[in-house]
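Per-chain residue numbering starts at 1, and chain names A, B, C and D are given in the order in which the chains are listed.
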Amino acid sequence: MRIDLNCDCGESFGHWQIGDDPALLPHVTSANIACGGHAGDPSVMTTTVRLARQHGVVVGAHPGYPDLTGFGRRVLPMSGAEITATVLAQIGALYAVARSEQVELTHVKPHGALYTHAAATADVAEAIVRAIAAFSRDLILVGLAGSVLVEAGQAVGLTVAREAFADRAYEANGLLRARGLPGAVIEDDQQALMQALKIVMAGNVVTPEGVEVPIAADTLCVHGDTPNAARRAAFLRSGLQAAGVDVIPLDRIVHGA
Amino acid sequence: MRIDLNCDCGESFGHWQIGDDPALLPHVTSANIACGGHAGDPSVMTTTVRLARQHGVVVGAHPGYPDLTGFGRRVLPMSGAEITATVLAQIGALYAVARSEQVELTHVKPHGALYTHAAATADVAEAIVRAIAAFSRDLILVGLAGSVLVEAGQAVGLTVAREAFADRAYEANGLLRARGLPGAVIEDDQQALMQALKIVMAGNVVTPEGVEVPIAADTLCVHGDTPNAARRAAFLRSGLQAAGVDVIPLDRIVHGA
Amino acid sequence: MRIDLNCDCGESFGHWQIGDDPALLPHVTSANIACGGHAGDPSVMTTTVRLARQHGVVVGAHPGYPDLTGFGRRVLPMSGAEITATVLAQIGALYAVARSEQVELTHVKPHGALYTHAAATADVAEAIVRAIAAFSRDLILVGLAGSVLVEAGQAVGLTVAREAFADRAYEANGLLRARGLPGAVIEDDQQALMQALKIVMAGNVVTPEGVEVPIAADTLCVHGDTPNAARRAAFLRSGLQAAGVDVIPLDRIVHGA
Amino acid sequence: MRIDLNCDCGESFGHWQIGDDPALLPHVTSANIACGGHAGDPSVMTTTVRLARQHGVVVGAHPGYPDLTGFGRRVLPMSGAEITATVLAQIGALYAVARSEQVELTHVKPHGALYTHAAATADVAEAIVRAIAAFSRDLILVGLAGSVLVEAGQAVGLTVAREAFADRAYEANGLLRARGLPGAVIEDDQQALMQALKIVMAGNVVTPEGVEVPIAADTLCVHGDTPNAARRAAFLRSGLQAAGVDVIPLDRIVHGA
């Protein structure tokens, strides 16, 4: 039994800080770093890559809709070609910064509205997949387990990592309960750990209504912009390890170790 | 006798057009494509890379101060580390777009105020050089012939292409006469061709005051944002060729052909 | 018989130019000036206000979705409160610049996707109307004749100017034929003048299918970003005047002269 | 004895928060609200104006260099005309938002590098003053006590409020000790209160070297982006009031009450 713990990071911008990357990164095994589209700037990218390297955390690109004002949480009306172009430019920007720090990118995980939209919309998923495949077939695509994005990546032969959430409630159809709905977010650490263990060890989640839904996951997302994010991550990790789960980086999960 | 003709291009942004790249690119041998810092966006970058490929023109990155409002023509107060980070991110963005079009970058030429500032300021020059060297030592640095930027590149072992101008007057110290001063810009096509021929064949330019200044150049810049830019470029090229000069891409100039 | 001729202008940004305002403004009677949302910057706004004043053209704000990349031609997913806030900020920015040039704003005309979206969507229309009413009830709202936006303005007692188009084909329902459909844009000057005369003198337009649709208009839009925009405007104006139509500013139309 | 306490606020942007305006505003008497130049967006501006109104705090514009990336802390190479234009547009944006909340602007205080640069540079100071005078001579200009900006405002007859700092060390020439120098920032609450009392009651400050420097101040700045900013503000206010100082809004200070 094995799982990767990933977190979104490098989402500060100029003078504005968000999240506490130095506290969180020691507790995860892979880092999705913002690329200047929805957040991040070249200096923040540099700092964050260094921090990840220092903690032995593998680095991936976290491209989003190019929308600082909306923090990538709004679906912008962009064509597939425009999405491919911006995802390429964002991956490339992080690739270059990482390369200057002797770090190779392992993966790409879309951010926010781009992630959610691609999970359910084939042409958006394909636009993202086209960017990754054109840039490098060595990059692992991270997408919501069971989503259209994962399917689109597999369809063209990309290595795909399926993501699940310890702290979000699931619906019977295997998708996430929409934020805003009651019970959508699991606040309690114990309960989140329980869901994590169910996902990793039993391969399923239980909906708030008690329906058991099968789920196959390679990586669990740890949210960084909540209070106590670092404590939560540490708790999840030690809880998983105490149960005998190997917590190891994404690339070792999907390629075997 | 051989020379490269380069032009800045891909400097449109969203709905705003500047220059006439489709008319200009057939007449040059290398293209410096804006990377989203001072101009360009991922869609414009994609279109411009395709256009360059179609005309057999080699492609380089044209990073500038991240300043759309100022079109990269203002010196921003940035630290060396910030300049290195933005140059890396800009090179990477274009690299990824180009890669998706099966085009490899051959060179990097800083834009506008970054070019001019680096020509005379060692720490700015070194910040740019650090970015290029960290990204790829295969990239050729294009800088003003005789400038601090060229020296900084050579000092760390980068391959450097020295740029000269057919349509700008020179001072006795080998630098360009500042725009705004009388006679700084050579408007007449014949006169520009004459200066190009002197540079390439005799290795010198003559200042407006009649002083002959030695200059060693690998590439001539063709300005794209002037009216009749394409006609001027075609005139220069055919004039050079008629005089027996090989007009060939940058990489063949600096590496030998 | 009387009509206002309005044009969108001040849509350059930094170094990028669009339209030829100095050529166009002499031929219209009211100017809708971009406010930095979709286009324009404070310096362009200043220059454009001066130009309008010089030609005796009344000045209005032309707020759009805050989206330079998309030039305001994309519907952004914004709440009503966000739309109200950005429209207020954009009107205020132009108001201040105009005031420094001793020019009072007469009107507000939303731009691009904001105009079109508000023409058919009540909550978007109301968000715009709320901004205008909160800023000044002396401002005239310009909206598509027969649209939801015009109704929303009238519902709260704003003075409204109904806009029609000489160079766009209409559908039988009184709305514009979507760009992209065949025949949507009327290219021929004579035909455009004919439609302008029908609108002003007969109060109707004829669809491409020959259906006569009643239309009541206070102002005709002259597009500035087409080639020959100035010549077209001059032709329309002289044609209207030759037919005995008074071409006079918006405020004199809606308030009486 | 009387003094205004002012704070910079509304400096969040989109999803990024900075400062804790709801905690700070109850303890000050005037608020300088960012206008979208260096920070703030129309929605943040709206929220902040409401908050200030709710706490009976007078509202002023806080324009800065248009530089989100640099948070207005970098001097941009802008001409006087460009500074005037951006200051106008920023004041107007906040004016419109405030007006929609039935709040009138009382003052303008430049932000960051614009404030500091204008304190020492006549043409920058005059560019700002021109914007304010053109917009409304009822607006109070807030500038560093003893600075070129204050002089420039007085020279054209603007009402000026002179600002001093309780938590910054002064030099013998009456200017602030540069951040970064040792002792530049006064961290201790008691010591800051002591300096505030000296400024208000004795009309002087004592430099770290023990030199007594006369200073005439109408308002004290309370920094909002330090930890414990609200506690510090409350401590200063109650300390001043306990010493018999009236803490009242800017407009009542400069116009008499």
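Keep this in mind: a residue touches a chain if its C-beta (ideal position, glycine included) is under 8 Å from a C-beta of that chain, and two chains touch if they have at least 3 such contacts.
Small disclaimer: the values here were computed from a predicted structure and weren't measured.
Novice: I need the common contact partners of subunit B and subunit C, sorted by label.
Specialist: Common contact partners of subunit B and subunit C, which must touch each of the two, are A, D.
Novice: Using each chain's Cα centroid, which is most distant from the centroid of subunit D?
Specialist: B
Novice: Report which interface contains more C-beta contacts, comparing A-D against A-C.
Specialist: A-D is joined by more C-beta pairs in contact.
Novice: Where the centres are mean C-alpha positions, what is the separation of subunit A from subunit D, in Å?
Specialist: 42
Novice: Rounded to a whole Å, what is the gap between the Cα centroids of subunit A and subunit C?
Specialist: Their C-alpha centroids are separated by 45 Å.
Novice: So which stretches of subunit A touch two or more other chains?
Specialist: 41, 66, 69-70 - these are the residues of subunit A that touch more than one other chain.
Novice: Show which residues of subunit A lie in contact with subunit C when the two form their complex.
Specialist: Listed in rising order, the residues of subunit A that touch subunit C are 66, 69-70, 74-78.
Novice: Along subunit C, where are the residues that touch subunit D in the complex?
Specialist: 36, 41-43, 45-46, 66, 81-82, 84-86, 88-97, 99-100, 130-131, 134-135
Novice: Mind pulling up the subunit C residues that touch subunit B in the complex?
Specialist: 12-18, 39, 41, 68-71, 73
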